[in-house]
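The structure is given below, and queries will be raised subsequently.
In this document, chain identifiers A, B, C and D correspond to the written order of the chains, with residue numbering beginning at 1 in each.
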Amino acid sequence: MEKNHKGFPVTHVIGFIMSLVLTFAALGVAIKTSLPFKTILWIIGSLAVVQAGLQLYMFMHMNEGEDGKSQVINVAYGFFIAVVTVAGSIWVMSFGM
Amino acid sequence: MFKKGYLIPLLAFLPVLLLSGCNKMVVFDPKGPAARDILGLINWSLVFMLIVVVVVFGLFGYIVWKYRATSKNKDYVPPEEHGSTKLEIIWTAIPILIVIALTIPTVNTIYKLEKVPAGYEDKKPITINVTSADWKWIFSYPEQGIETVNYVNIPAGTPVKFKLTSAGTMQSFWVPALGGQKYTMNKMETQLYLTADNPGEFLGRNTNFNGKGYADMEFTVEAKSSKDFEKWVKEVKANAPKLTEKKYNELLKPTHLGRETFTGTHLAWVDHGKMNSKTYTNPELYKVHGVQGKIFKDEENNTEMNDSNGGEHNGN
Amino acid sequence: MSANVNTALPLEYQTEQNRMNILGFWIFLGAEIILFGTLFAVFSVLNARYAGGPTPKDLFEIKDVMVETILLLTSSFTCGLAIYEMRRGNRNGLLLWFIITLLLGAGFVFMEVTEFIHYVHEGATMQTSAFLSSFFVLLGTHGLHVSMGIGWATMVIIQIFKRGLTPVTARKTFIIGLYWHFLDVVWIFIFTFVYLARMVA
Amino acid sequence: MGINWHDFFIVGNPLILGSQIAIVLTMVGIVAGITYLKKWKWLWREWLTTVDHKRIGIMYILSGVLMFFRGGVDGLLMKAQTSRPEMKFLDAQHYNEIFTTHGVIMILFAAMPLLIGLMNVVVPLQIGARDVAFPQLNALSFWLFFSGAMLFNISFVVGGSPDAGWTAYFPLAGKEFTPGIGNNYYAVALQIAGIGTLMTGINFIVTVLKMRTKGMTLMRMPMFTWTSFIASVIIVASFPIFTVALALMTFDRIFGTHFFTISGGGMDMMWANLFWLWGHPEVYIVVLPAFGMFSEVISTFSRKRLFGYNSMVFSIVGIAFLSMLVWVHHFFTMGAGPGVNSVFSITTMMIAIPTGVKMFNWLFTMRKGRIELTTAMLWALAFIPCFVIGGVTGVMLAMGAADYQYHNTLFLVAHFHYVLIPGVVFAVFAGLYYWWPKMFGHMLNEKIGKIHFWFFTIGFNLTFMPMFFLGLDGAVRRSYTYSAESGYAPLFLLSTIGAVILAIGFGALCYNIYWSARYADRNISNDPWDARTLEWATASPVQFYNFAKLPEVKSIDAFWYMKKHNEGLTLKDEEVEEIHMPSNSGLPFYMGVIFGITGFLLVFEWKLAALVATVGILAGLIIRSFDYNDGFHVHKDEIKKTEKAWRSVNKGVNNHVS
């Protein structure tokens, strides 16, 4: 967490380009390919997670500061609960039917 | 004063004593294989619960008695213990073992209850469609072509496949003497196998709260011998009035009814268990005291039955 | 609470109160993750219940969605630059990028509102079906967050104009930056699981 | 708007009319009393605008006790109605409203504020801090909670109460089956209070992570702080889910969407799913801080440090983790596949393991101790056997297949009262007796306390024990009556008698508070129990800045260590430094009021008016954004004076522990 950046904001630019690339990759996989729906879902879902991680680390500097560790644990935990909520709801509500 | 300290543990023991002695409670008096399987599981769990309760209460009584402050031990200075890895492992491990011992029969029973009960596999099950409505139970016999309200006759010794659904609110179908309960839900179908070993009459009821008339939402199950059952079906077909759609709409209004019997079933025009079935609601009839909301004032169809469509879904 | 100032750190981390606020905001974001997660759970369960109403294929326009996505992604980038300038102590750079960020955000909100109006004209309202209820509430919640973010950021900009870069204004700016990036993260998932996935399904 | 006043104020029922008159008279009385005593300014300056965690805590506790009373009266009314078969005391509609408000009020507006109140008073003291991390936010949390609680309570007399159970299952809770506005109150009032709770959670997480005094490492924190911290984590993990669920309910009821309705493709089961995704963790939110209090009380009155501190910490973390993974056990009977039911049976039963660890650790804390039977300790002792009964019956419910027979019967009702009352209410009583001197500078009377204890515990067991058997005999919950042929009458009557004894016990507490406030000895030390943790290292009642000099911690049970090594107990004049404290603010109070107004308008579905009122909320937020008030400094002289006062008193105090 250096106080003064000098010169060019390299990480930000890289982050931005990568997020654009990932977005268009997801678009391409979804619209242009004819993979099975499940496969597409897994691929674009993973791309989304990567991009979210990118934002969290490269733009939000999640692990910076004296509480970096707490912040990372907190976000991971929140994400875990969100996944439990989504996956659990889908599983339970599909009723194994 | 301290002697009273035993009162709580004593009181707490009461249930255990009563449980082992009292066999009249309906859950402990099963009349069919499903209820019997569950009771087996319950009894198994009670053994372990008894052990846990005895151990904890015993330790509790002993420790509190032995280490209570008295005028004699005024100068006793308790040691500074941090804990004991050995003891802590013991009281983690034993509960783990108990939980495992409970898990295995639980999972077995859960799977078992989904199927035709053991011992009755060779009997052809009959199907009865159960539709719960506010505040009554409607039973349709698709194979026999008859419909009853608030009572259901079944042949004893024959597995019955109850197909459960609801015309409106969520209810729960429970005949404790025969087995566990399951919810009935609109645009959903759930299933429950129940079998009565012998002829007899059992009480069934709704356990899931659904408004003003909930307390009276009971029905009777009468298990008859196969012969009597056939006879009853014949009689119904000969004597009972035919169920019309108009009459059925009348039934679905939030009311209390006695027993009724019809020929024909409402499945001819609606199966509430289907995802796209018609929605029947009567918001006007549910008004109670206090300020009523406005939402239905804006809509044009605040009259009788609301016809909106169910939407499509992967469920059936 | 104490006025202990550690000047070795960036402005926004200099006081203990600032550090607590930033950590607190992260925890708030943790709660927001779960809040949006729940909305996603609802959408995932209800997303095929059209009740005879329009389906995603009838409604969604991939081109508009891509424009919205790029607007928001870019605003996240410019927000990053704003904080970058702030750490260099460049107030004007900060303000410039900050305002560009908000304009991009406003563009996004504008596009989304037009999109919604368009849907409603096609007869796809919140009351039409479970799918549309969950769609509108999920996207509406996100859009409302962005709008609130714009309003909040405007307050902060006024404070920077009035007070310059102090530990307090820097902390506020930093926190709103976090918020802004977070909304972009949420959008990534909306873009993926609402638009792309439902158009393919 | 064409209000029909007859509907607006629920009239025509003598019970409700009576309460309306009582409420009006009480309010007039309070206003008149304050005016007569010229206390308005004092009330505003010292309480309504306070940001002091101790005062906020006391306000929480006061509201919690009031709400406990309201919920308790609801409970008694239900018991009166079911005392005899086919009793005609309440009709079905009133019974339904009463158990709904009873459940909601007891859990959300009694248990929660009582626990959060004690957390507020104690946690900053235990970690050696001068306040919580965000004092103003803390006040806002309180006022939002209070506003939600009041909004919920007026439903009784204005517009109609919710009547779909505290679980508010759809489709019943939807407009089609409950067209009245009662359930709008549920959706809106819980939303407002819930937002307050969420902020409390965030506040305490940051407080514990950032404001611990020097040397107070995580593994030296008192157990109550640990459990409060973990409960806060669960709050932050689960309340957002509830926020969403309630928002969707509001949308369904007021804006005609189709989330949980039976028409338009909505899914009623989704409500149950979301409700329990929050609802299950919620019961651990209330029970964990309670566990913490028992740990403090048991350790103090056994004169030993807590046995197995590390495993206690791991077990609460384990409980917190598992608590998010078991929600389906509340609807085993919904027809989910056997795979689903099996998995959730197993995760649920696993909670018995960490809870058992705690049980045995408490028992072994007492072993080799010298157990002093103070009232606080009696509550902790009674908790152990009673809670074990609740816990093991919980495990019985957790066995999916067996639950098919227990579900929605009085067996279940007995289970949850057996965990909630020993687990939460006993804990709050223990906490009140224990920390009362810290809050008010005098003790609660131990003799009356024992009367309170015996009546309450005996009454409690008598009330709820019969319900296990009734449930096994097929008696269902939420049924306003039962037939004479059912054979339930004797046990129901026994249960009612128990509830009366219980109520006498609670009456004894109220009398104790009154008696002690008037007559109790004020000449007590800062440490009347010879306790172990830092809150006892400072004055009773605690001065507003908590500690003149922040203590340094060298071991767990920090204060005990200080006493044994005679370190840091005195304060030299040179050590006194100026203290920086936050200023009072009227904004949280204003926000509570404006949220209440907005909520009220929304309840009555006056959407436009509600929208206008939200401008008031935004205005509050904007004012906060521009508020640069940085607090004030307490001068050295003032600190020296305050410190001298209580430190010199200590020399000649009376000993109160019998």
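Basically, contacts are C-beta pairs under 8 Å (C-beta built on N, C-alpha and C of every residue); 3 or more make two chains touch, one makes a residue touch a chain.
Model, not experiment: these values are computed from the prediction.
**Q** Which chain, with its centre taken as the mean C-alpha position, is closest to the global C-alpha centre?
**A** Here the chain at the core of the arrangement is D.
**Q** Would you mind telling me which chain pair, A-D or C-D, is linked by more contacting C-beta pairs?
**A** C-D
**Q** Roughly how far is chain C from chain D, centre to centre by C-alpha average, rounded to an integer in Å?
**A** 34
**Q** Would you mind pulling out the distance in Å between where the CA atoms of chain B average out and where those of chain D do?
**A** Here chain B and chain D have centroids separated by 31 Å.
**Q** How many angstrom lie between the centres of chain A and chain B, each centre taken as the mean Cα position?
**A** Comparing mean C-alpha positions, chain B is 44 Å from chain A.
**Q** Among the residues of chain A, which ones contact at least 2 other chains?
**A** 67, 70, 77-78, 81, 85, 88-89, 93, 95, 97
**Q** Give me the residues of chain C that touch two or more other chains.
**A** Answer for chain C, listing residues that touch two or more other chains: 19, 23, 27, 30-32, 34, 38, 41-42, 45, 49-51, 129-130.
**Q** Can you tell me which residues of chain B touch two or more of the remaining chains?
**A** Only 308-314 qualify.
**Q** Touching chain D in the complex: which residues of chain B?
**A** Those residues of chain B that touch chain D are 1-2, 4-5, 7-9, 11-12, 14-15, 18, 22, 24-28, 35, 37-38, 41-42, 45-46, 49, 52-53, 56-57, 59-60, 63-64, 67-69, 73, 76-84, 87-88, 91-92, 95-96, 98-99, 102-103, 106-107, 109-114, 134, 164, 168-170, 172, 176, 179-183, 185-188, 190-191, 203, 205-215, 279, 281, 283-284, 286-296, 306, 308-313.
**Q** Can you list the chain D residues touching chain B in their complex?
**A** Where chain D meets chain B, its residues are 3-4, 7-8, 10, 12, 92-93, 96, 159-161, 163-165, 169-172, 175-182, 184, 253-254, 256, 262-265, 268-269, 302-305, 307-311, 331, 333-335, 338, 341-342, 345-346, 349-350, 352-353, 356-357, 359-361, 363-364, 366-373, 381-382, 384-386, 388-389, 392-393, 395-396, 399-405, 407-409, 450, 454, 457-458, 461-462, 465, 468-469, 472-474, 476-482, 604-605.
**Q** Which residues of chain C touch chain D once you look at their complex with the stated criterion?
**A** So the residues of chain C in touch with chain D come to 1-3, 16, 19-21, 23-24, 27-28, 30-32, 34-35, 38-39, 41-42, 45-46, 49-51, 126-131, 133-134, 136-137, 151-152, 155-156, 159, 168, 172.
**Q** Mind pulling up the chain D residues that touch chain C in the complex?
**A** Listed in rising order, the residues are 130-131, 133-134, 198, 201-203, 205-206, 209-211, 236-241, 243-245, 247-248, 251, 255-259, 263-267, 270, 274, 277, 580-582, 618, 621-622, 625-626, 628, 631.
**Q** Could you please specify the touching residues of chain A with respect to chain D in the complex?
**A** Interface residues on chain A, with respect to chain D: 67, 70, 77-78, 81, 84-85, 88-89, 91-93, 95-97.
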